[in-house]
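Comments concern the structure below.
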Amino acid sequence: MRDAPSHGFASLLPLQTCDLTFTAANGSRLIHGIDLTLDAGSLTVVMGPNGAGKSVFLRLLHGLLEPTGGTIKYAGEPLSDAIRKRQALVFQKPVLLRRSVAANIDFVLKLRARPGSTQPDPVRRDELLDQVGLLDRAAQPARQLSGGEQQRLALARALATRPDILFLDEPTASLDPASTLMIEQITSDAHAAGTKIICVTHDVAQARRLAGDVVFLSNGHLIETANADDFFSNPKSREAQAYLEGRLIV
Amino acid sequence: MRDAPSHGFASLLPLQTCDLTFTAANGSRLIHGIDLTLDAGSLTVVMGPNGAGKSVFLRLLHGLLEPTGGTIKYAGEPLSDAIRKRQALVFQKPVLLRRSVAANIDFVLKLRARPGSTQPDPVRRDELLDQVGLLDRAAQPARQLSGGEQQRLALARALATRPDILFLDEPTASLDPASTLMIEQITSDAHAAGTKIICVTHDVAQARRLAGDVVFLSNGHLIETANADDFFSNPKSREAQAYLEGRLIV
Amino acid sequence: ASANDRSIIVQSTTSTKNSGLYNVLLPQFKKATGITVHIVAVGTGQAIRNARNCDGDVLLVHAKGAEQKFVTDGFGTKRHDLMYNDFVFVGPPSDSAKITGSKSASDTLKKIATSKAIFASRGDDSGTHKKERTLWQAAGIDPTPSSGKWYRETGSGMGATLNIAVGMGAYAMTDRATWIAFKNKRDFKVLVEGDKALFNQYGITAVSAKKCPSVKTKLAETFSAWLRSKSGQSAIAAYKRNGQQLFFPNAVTN
Amino acid sequence: MQDVSSAFWIAFGLVAGLDADLLEIIALSLRVSLFALVISCLIGLPVGAVLAIARFRGRSAVLIALNALMGLPPVVVGLIVYLHLSRAGPLGWLNLLYTPTAMIIAQAILITPIIAALSRQILEDLHTEYAEQFRSLSVPAHTMMQALIWDARFSLLTVALAGFGRAIAEVGAVIIVGGNIDHLTRVMTTAIALETSKGDLPLALALGIVLLVIALTVNGLVMALRMTAGRQAYA
Amino acid sequence: MQDVSSAFWIAFGLVAGLDADLLEIIALSLRVSLFALVISCLIGLPVGAVLAIARFRGRSAVLIALNALMGLPPVVVGLIVYLHLSRAGPLGWLNLLYTPTAMIIAQAILITPIIAALSRQILEDLHTEYAEQFRSLSVPAHTMMQALIWDARFSLLTVALAGFGRAIAEVGAVIIVGGNIDHLTRVMTTAIALETSKGDLPLALALGIVLLVIALTVNGLVMALRMTAGRQAYA
């Protein structure tokens, strides 16, 4: 079984943003001219206080929001439908279909199935559910799951697409310690198999465990990008220092 | 300003459950005969793996679900509308009205206003928003808030009812470190002012900081209740030990 | 409409209404008397029924038997002949039953029945429908077993029945006023006319205050009397569509 | 088919000419149907909201009945109103038969179940989202109803527009209780029925086109209002 | 008012007697309206779904037009179908005028906009919830439409029932294209109109009651089905 990229296409990386800007319909600027390059090889963790714009930033990278300024390039190519199909995003608040747990996975498997084979593959579905510890819940309505179970299902659904780039928005926010470690393991495995992981988290310990490099946002600005070891041992910006110390950033 | 109980009514405590049982419509038993007494004076933290039944348990205590067996008593009285009105619950997935941030608070203030005064009190609303750091967002649609901001708004809304018992279901799951400390401070303050806090969390560090006593659930069973110091230094049950060590509980 | 306004309600057949006759009569009447007349045009049965419920001050229909029963039951003061015209048979020019030029209504109906040509009957118990049934009876034919086959009972007003006849190329019997005023004739023509049996008498009856205390009998009588007076009768005679006179006044003027 | 194209020309002429008679008919149509709509919303929305939130024995039966009442035949409604308002009827002394008021009553009876049944569905869908939060806050039923109706107001607009459409297009009921009396109770639909029975199909169609233009205008105005409101306050 | 009570007795007698003529009329009413409903759903639901998810220039205009079409007057629909199917019309050679097929066509035209407009609203409400997730998964439009319709199927039932109600209660269009011909195209509503014009109000009302009983039965069956389905699969 592989959750890693399933094809021999060219890499999507490096991911480069240039003066990336986003202004909401109500006129407030949520992302201020971010210039950033993310390469293959290292697991990227995005950190920053609540309301910093982390979720908006992921949405922009994944093409769910249209930048109001600047550019996003994947291996030099502008974001296209073909590129978007090779990405997956686990939302901070997962939206599950009003169907059973299994049907939520089946929906995605059918979507990504080779043309011709319209039946989702039950073996792969069960593998995925097993991986996130939900196999015995396959028949249950997805919306009845507990908070942590829903988050795990959303991750399994994202893995079902075998993405080249996986965006995770606080994937373990309401998971118990064991599930958290389980998800971290799955994430590391995917990373090792060549999937680029870009993960938002507030859990500093988790960030330390996972991160290869850290992107720190605050107030819509890119404050700092650094190698993880450097960032945690010696954050350069005042904002990152305050964040790590649990102080309010003013 | 006081967020503590606003009246001289008799205490709702002790809270006692006797053989509390809940079986879902699909026949699966989610809560298995829980006998528990919670007293005033100590802040209670509820812990347990994902799917243990923590959220269901809070719903039962708050009267959102009808027990299919056993009893719940507040200071010897069965749960009534009058008692429910003196409680508040911050949901794991907060449901905000499709209105502005301010209107979400106003809705509750109007609801709890003395008969006759139909206008919500703008001063108190601003105090509440300020307390959770959302004052400058008052006019924004609540559903546009970031994940962490939504969670803080939900807490402010619960505080607006000046509850005697406050149930918190993972209130800091997606908060940044500073906001987490801020919410912990608000919680401790409310506790100090006499509000009984019953808080679900997966964050062991947080539980250590807050808990006076711990209730540990697993698989719908009450596994252990203990003084916090005892629980963290020397958990008695195999399940609690495994949980604290981040091992999967089988 | 409060009780003291100078307005009355006439329960009328649709044929008089659709012909446009009221458009010339009512302004003249209003000028002469100051009374406003409201026309409710419905099926004959419904008109009589409404009048029995005291929801009209005057009844103007063409079903003599039913009108007389209305009066003997005490709902009307007196029924008066007002005017007449005649019924005609219309149909497509192809005329598969070859009824063109038939001398009598009986002949016409026999030809239609034997050739099983489609015939659109009102089938709504209206004055016209009652007349048609009498004619079938006189011809010695019972068309009802063929209902739904060549005998199509439309259960509709005259105009709707003509629309249907035109739509499916069926024969139909209609009063001349409706036909002349009717605009959806296409290639349809009058094929049979002139038989005495096709005579069509309109009557007018004021609703009686004995059964219906709320009716404005006085105003109703004024309307009835005016229509039967010289000015009313000549106004009826003067009304033409496409150069043709639609109604022939025959009230007994006094 | 020539009729259809000539109908467009006639309709154009009618609108361009702004005939006083036509204006009178249009005004009455709008007055009657909008009035009936307001009454139906005042009754139907609360009924829909109550059924959306209340759980009681026999609720399914009530929902079945309410949904079935969407199939209330206009002629039957017309007859029932007629029998009540007729001078021989219990309310005959009100002298309402053959007046616009009678038409408003008939249309309101006709569309209230539609408003109630459709808004029930929309409010219930929203309620599944809000229910626990409301129950946690011990929100009283009437506040809950208000909040649901307010927060679903933009979706409910479509329901109201469905009711308006049904009312403005309706002929069976208004012709019985209104009588289609010239200059008194003639509305667009009864005028169309009259011209049809006269065989003047192009004119009937032209009036139909005018009626659709009216419906379009009303819908356009509502949409414009909705967009202004949506921009000012938050949806 | 006596008429109303006697109507109940007559209605009772009609149902108890199970008159063959009445059964024929009931069967045709159901056949025509259910058939029209199926066609309207087959067209209206996808249209509603497309409008719920698609964002394009002029979308507001399309929505205004669609909502306005809920106010399509039945008589006008009847006339347009009549002019097409009439001997002189472009489709005259099909010989469909005054057949149940013509009535089905007319009713389908009448209720398709209603199904489309109302389902658009319900599907759009669900779509605001699903939209980002779908877009993230690059779900193609037709799969999205299917998923929305499937996941909202219980709410859409109310829309379908509204369409059914409109169809079964409708008289203006079917009487023009069907002709209310005895034993051929007479349905409940045209029979009611006929008895009304004959002045037999109790019989007309009785037929109205029977019609409502039919509507109740259909709604009851649908509700029973829905509950069985809701119990078996997950909503």
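For reference, chains read A, B, C, D and E in written order, and residue numbers begin at 1 within each chain.
The rule is short, and it goes like this: a residue touches a chain if its C-beta (ideal position, glycine included) is under 8 Å from a C-beta of that chain, and two chains touch if they have at least 3 such contacts.
All figures in this text were calculated on a predicted structure; none of them were measured in a lab.
The fewest steps needed to get from chain B to chain C, moving only between touching chains, is 2. Fewest steps needed to get from chain B to chain D, stepping only to touching chains, is 1. For chain B, the chain whose average C-alpha position is most distant is C.
Taking each chain's centre as the mean of its C-alpha atoms, chain C lies 36 Å from chain E. Centre-to-centre separation between chain D and chain E, using Cα means, comes to 17 Å.
Centre to centre, using the average C-alpha position, chain A and chain C are separated by 81 Å.
Centre to centre, using the average C-alpha position, chain A and chain E are separated by 47 Å. Along chain D, residues 89, 196, 201 each make contact with two or more other chains.
Shown for chain C are the residues in touch with two or more other chains, namely 50, 157, 160, 163, 166. Under the contact rule stated at the top, the pairs of chains that touch are A-B, A-E, B-D, C-D, C-E, D-E. Interface of chain C with chain E (complex): residues 42-50, 120, 123-126, 147-148, 152-157, 160, 163-164, 166-169, 186. Chain C meets chain D in the complex at residues 1-3, 9, 14, 17-18, 38-41, 50, 52-55, 157-160, 162-163, 166, 181-185, 212, 214-215.
By the touch criterion stated above, chain D contacts chain C in their complex at residues 86-89, 92, 95, 97-99, 179-182, 184, 194, 196-201, 203.
On the chain A side of its complex with chain B, the touching residues are 24, 26, 48-52, 54-55, 92-93, 133, 140, 144-149, 152, 169-170, 173-182, 202, 204, 242-249.
By the touch criterion given at the top, residues 129-130, 132-133, 135-140, 143, 147, 151, 234-235 of chain E touch chain A in their complex.
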